[in-house]
Amino acid sequence: MKVFKIILAALLVILALVITASALTTRGTLPTLLERMDPENLAAQDAAMQKAKDRVTTALAENNPERAQRSLDRYINGFSAQLTLSGRVGYDLFFFRNGPSMLALALFLVVAAAGLIAHALDRSGRVRKLVLPAILITVLYVGVYIVENIAGANSMLMTVLKKGAIYALLAVSMNLLNGFTGLFSLGQAGFMLIGAYTYAIFSIETQSRAQVYQYYAGGIIQFQLPALVSIALAGLAAALFAFLIGWPVLRLKSDYLAIATLGFAEIIRAIFQYDGLGPLTNGSNLLRKFTVFDTALFPFAVAGVCIALIALLIHSTYGRSFKAIRDDEVAAEAMGINLYAHKQMAFVISSFFAGVGGALLAMYQTTVQAAAFTSAMTYEILLIVVIGGMGSISGSVIASFLFVAASEWWLRFLDNETMLGSFRVPLLRSGFRMVVFSVVIMAVVLFYRKGIMGDRELSLGRFRRRLSHRRKGGAQDG
Amino acid sequence: MTEFISANLPYLLAGISVGGQYALIAIGYTMVYGILRLINFAHGDIFTVAAYCMVYMNATMPLYISLPLTIVFTVALGLAVERVAYKPLRDAPRMSIMISAIGVSYLLQNLMWYVTGGLAQQYPTIPWISSTISIYTATTKMVTLVTPVLTLVLVVLLVQLIKHTKIGMAMRAVSRDFETSRLMGIKINGVISVTFAIGSFLAAVGSMLYFSNYTAVTPTAGAMPGLKAFVAAVFGGIGSIPGAVIGAFIIGIAENIIKALGWTAFSDAFTFALLIVILIFKPTGLFGEAVHEKV
Amino acid sequence: MKKLIALVLSLMLFLPVVALGEGVAGEIVIGIYEPASGINGAGGKQETLGIYYANAVAPTVKLSDGIYTVKLVEVDNQSSNDKAVSAATQLVSAGASIVLGSYGSGVSIAAAPTFDAAGVVAIGVSCTNPQVTAGNPLYYRICYLDPFQGTVLANFAIDEFSAKKAYTLAQLGNDYDVGLAHYFTEAFKARGGEVTGETFPLGTSDFTAYLTKAVNEGAQVIFAPTSTEFAAQIITQAAANGIKLPILAGDTWDSPVILEAAKGTDLAVSVSTFFDEGDTSSLAAEFVTGFKAWLNQNPEKLANNGGTDIVAAVSALGYDAYMVALEALKLADSGERDDIADIMADVTFDGVTGKIVFGENGDAVRNQAFIIKSDNELGAWQFVKVQSVAE
């Protein structure tokens, strides 16, 4: 058994090596590939074909890889009859077109092989436990990457995935406060705003500043920081602000806390729109031309790391103290938990991640403007937390993707007037989507109060146990 | 001096009239909070629905029918929201009811967006109160003068109702101690319904006055006045009706003074800053009673 | 069980990948990126009407390999910058060869990077802020720009009302408002005038304080280049408060909403615009009669135009934008995005709003604006003059 596993692992590694080698050797070989696809130079006799071929070379010369890719697709689709696309050329072409995805696949194979070996050699079982999660995480990231390469970065699917990942982080950070610590805060949009602006301000290209800050003589900041540094600054700025307002605000109870944080979010919005701060914030005008991500892996990676950090925090002693405060403040205090310090900590950390999420949202939107960060945005994230389950990280993550996919994509058809034959489907017109959507949300809030996950987490162990339990149950029935 | 007055009279008039309109909304907030300890986030949207009702009904009916019908419809809506969204959660944690309120607000806004197509609608002109008059050097609409008077009349009536009728007594009892009054045989649900009915009635009246002045109705038009009215309720001491009214007038006037000073960007922010200051230094507001947390 | 459902639903995220494809052969998709709701909804609808009318006039385009029908795909950007990305993505994934829009500069600026990344040419119809095209190589525009419009209006204010002092009122965070107010102020000051100005936040309904301020500061003209939703309130409140100052605004105010609000008042409202309904040139006259007849056929269309058959300038621009897009398709002889991008700068067209030639940054070269004023008795626009900067 052990031998089989090791042999299988070795095969996987070899496969991975072959894939990597093929992908790497075909990189940048488009000009030669073009010749090999058309060995007899049929294009010389066919003007349309020559034009299509030239488009590819022009795009290459312009150093525009996306356009080269599009032109290549057109060339191949349009003239597949004349072109040599089988055998060795086809193989190389496949690897050329899917190079990045294939590299990602190879990575996955290596991880799977490593998992198999660990499974075979590890006796204590300690490493074994980590194998499955490691593989699942690799599958997730590799999957996202491959899907992105197939569907295209601008497809609706990728838009939903990107926004979903960002909302997942925002929802989890809000859940840390509302679900785990029991502090009903409605300041999320304010902290996101601080994060988004801090990020944007520090990462606008220096040469574009004059254009962006056109009413403020180019603004006062004339340098550009790397994206990750700016994101960290965004989180820190939001955290700092939370630290400052934490002192007055956290002494308030439940709904007073909610309304006070809501108030602060509104005040922040007014301050960022203030003309006097224009050289820094561009007044109330759009900020744009800052660094954005070009692959969905970026928000997935940043949000993933942040959510993992929050999960670690919740499983630490601090996390247990948070839950104690949520369940009974007086009892928690009696047990020696410093109420104020712990609330402050949860508030500041949650705001840090809200700031990071705001920065990611700015990158996703490619422009940022204070006017968009209204209390409606906070409510939206709060509703995600409720749908996912107050006190469940995995619930918030699942709910975020569902929420974004449903509101941006799946329910879109409700907004379009539809004819079935000559029958005009009633009710369907602009705005109906959001009505249906909010009715669903109300139903969750009223009848399904625990949300998708309640306060439990998605856990492989439980899933496996339940499966085996069901199997046993089934056997007994039979 | 005359110049100063003529320059600032319009601000003062605008402040007083908008203050009166906030007051009518704020009463709804403060009464509901007093009894259910619930910030009824949907109240501002009920206020907007009332405006849309008026817009649509007035298109087909004469004013003397559409006006009372709007009020009836708004009251019915307030009661329905309470029945559907708050009553099932009566024994749930307070956070759940508040979330439900946010959900209702979201639903109402989306519904209005759907029905109206998201475009601003012109509010119908109500004769007499929409007509213009001159006061000293300022010209304004009649509604500016009607609002504070009507507000005060309604408040006095309401206070009489609460002080001298049986239902008023029940309301006071419930707001003092929910559980005990339930044990004493007060029909809690009835009292809550009456509270919502009164709140919605005043919101409908407030909406008529408000939109006679500021005639564009959009699905989110009520959100800001709603929040400000809530701040007014907290400012005056939540649960206290005179407090809410005084708070509303202070906020309405202060807001316009801020605008007169040229700090227009901060006129909304100021309201919230005021709220936070009050919450920190006197959480019970100007006239509120101290509530002690029991273990 | 719950978890299972959640899991299945999450997996559904990945399903429809296959469904996304390019437009069907024999059909070319033109995307309409316009607001149908929100603060610019009314104007966006009129612009969209112009595009649909153009489509009714010219439903097909003839390329060298056959005749293609043009399919219009419309998406509502809700006048909101934060909805811009997903709205734009929708058009991109619907396979739009070229995109028209938007009414409102902010949403256009916000969507530009999305169109750019997908290689789609966008034609700005009535977004006048310079930032729409600056730095966005694939964004073109057929209307004039705010620096021009601001100067025109400043000149008009000085020449017509001999104003020495102006008061500007703009919506906070609205690129159109703030931009136009900025250029007006620059031009007005350059001719020795004095300007004070203020901005109001979204959701404002009380303009009395601002208007009072304008009077108190001794302004002789109010410049309020806002969206129509606020415009109606500014006019009614100015009338209610007995403010008699002339009010000036930009192209957004060329809308039935303004006429309705100003009707029966004694306010002088003057507006600069792209097109005059009374234009007697054959192209324009033909368009006006055709468009009116088309509108009057269908009550729904009439309602979208604000309930009247007055031809808004943005409808004329929408018509021209569609025609320019057809010209581009013909010149490129292809519905492919990249082909269109290559030739777009060379497209020219004799439109109903004048000759369209793309110049610097992909902006159409325009050197004149129409000034119209409201006739408060008839509830109609009255042509005042054609104003250009050189005067």
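The chains carry the letters A, B and C, assigned in the order they are written, with residues numbered from 1 in each.
Quick note on the criterion: a contact is a pair of C-beta atoms (placed from the backbone, for glycine too) under 8 Å apart; a residue touches a chain by one contact, two chains touch by 3 or more.
Please read these numbers as outputs of a predicted model, since none were measured by experiment.
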Inset, instruction - Using mean Cα positions as chain centres, tell me which chain lies farthest from chain A. - result: B
Legend entry - Higher-contact pair (C-beta pairs counted), B-C versus A-C: A-C
Legend entry - chain A and chain B, separation of their C-alpha mean positions in angstrom: 40
Legend entry - Euclidean distance of C-alpha centroids - chain B vs chain C, Å: 37
Inset, instruction - Calculate how many whole Å lie between the centre of chain A and the centre of chain C, each centre taken as the average of the chain's C-alpha atoms. - result: 34
Legend entry - chain C residues counted as touching two or more neighbouring chains: 36-37, 172, 199, 201
Legend entry - Two or more partner chains touched - positions in chain A: 270, 273, 275, 284, 430-431
Inset, instruction - Among the residues of chain B, pick out those that touch two or more other chains and give their numbers. - result: 113, 117-118, 223, 265, 268
Inset, instruction - Using the touch definition up top, name the residues of chain C that touch chain B in the complex. - result: 36-39, 41-42, 45, 78, 172, 198-201, 203, 205-206, 208-210, 212-213, 216, 228-230, 232-233, 236-237, 239-243, 260-261
Legend entry - chain B residues within the chain A interface of the complex: 37-39, 84-85, 88-89, 92, 94-96, 98-100, 102-107, 110-111, 113-115, 117-118, 223, 227, 230-231, 234, 265-266, 268-269, 272-273, 275-276, 279-280, 283, 293, 295
Legend entry - Interface residues, chain A side, partner chain C - complex: 55, 59, 66-67, 70-71, 74, 143, 147, 150-157, 159-161, 163-164, 208, 211, 214-215, 270, 273, 275, 283-286, 288-289, 292, 294, 364-367, 369-372, 398, 401-402, 405, 408, 412, 415, 430-431, 452-453, 458, 463
Inset, instruction - Would you pull the chain A residues touching chain B in the complex into a rising list? - result: 178, 184, 248-249, 251-256, 258-260, 262-264, 266-267, 269-271, 273-275, 284, 330, 375-376, 379, 382-383, 386, 390, 429-432, 434-435, 437-439, 441-442, 445-446, 449
Legend entry - chain B to chain C touching residues, read off their complex: 7, 10-11, 13-14, 18, 113, 117-120, 122, 132, 134, 138-141, 210, 213-216, 218, 220-221, 223-224, 256, 259-260, 262, 264-265, 268
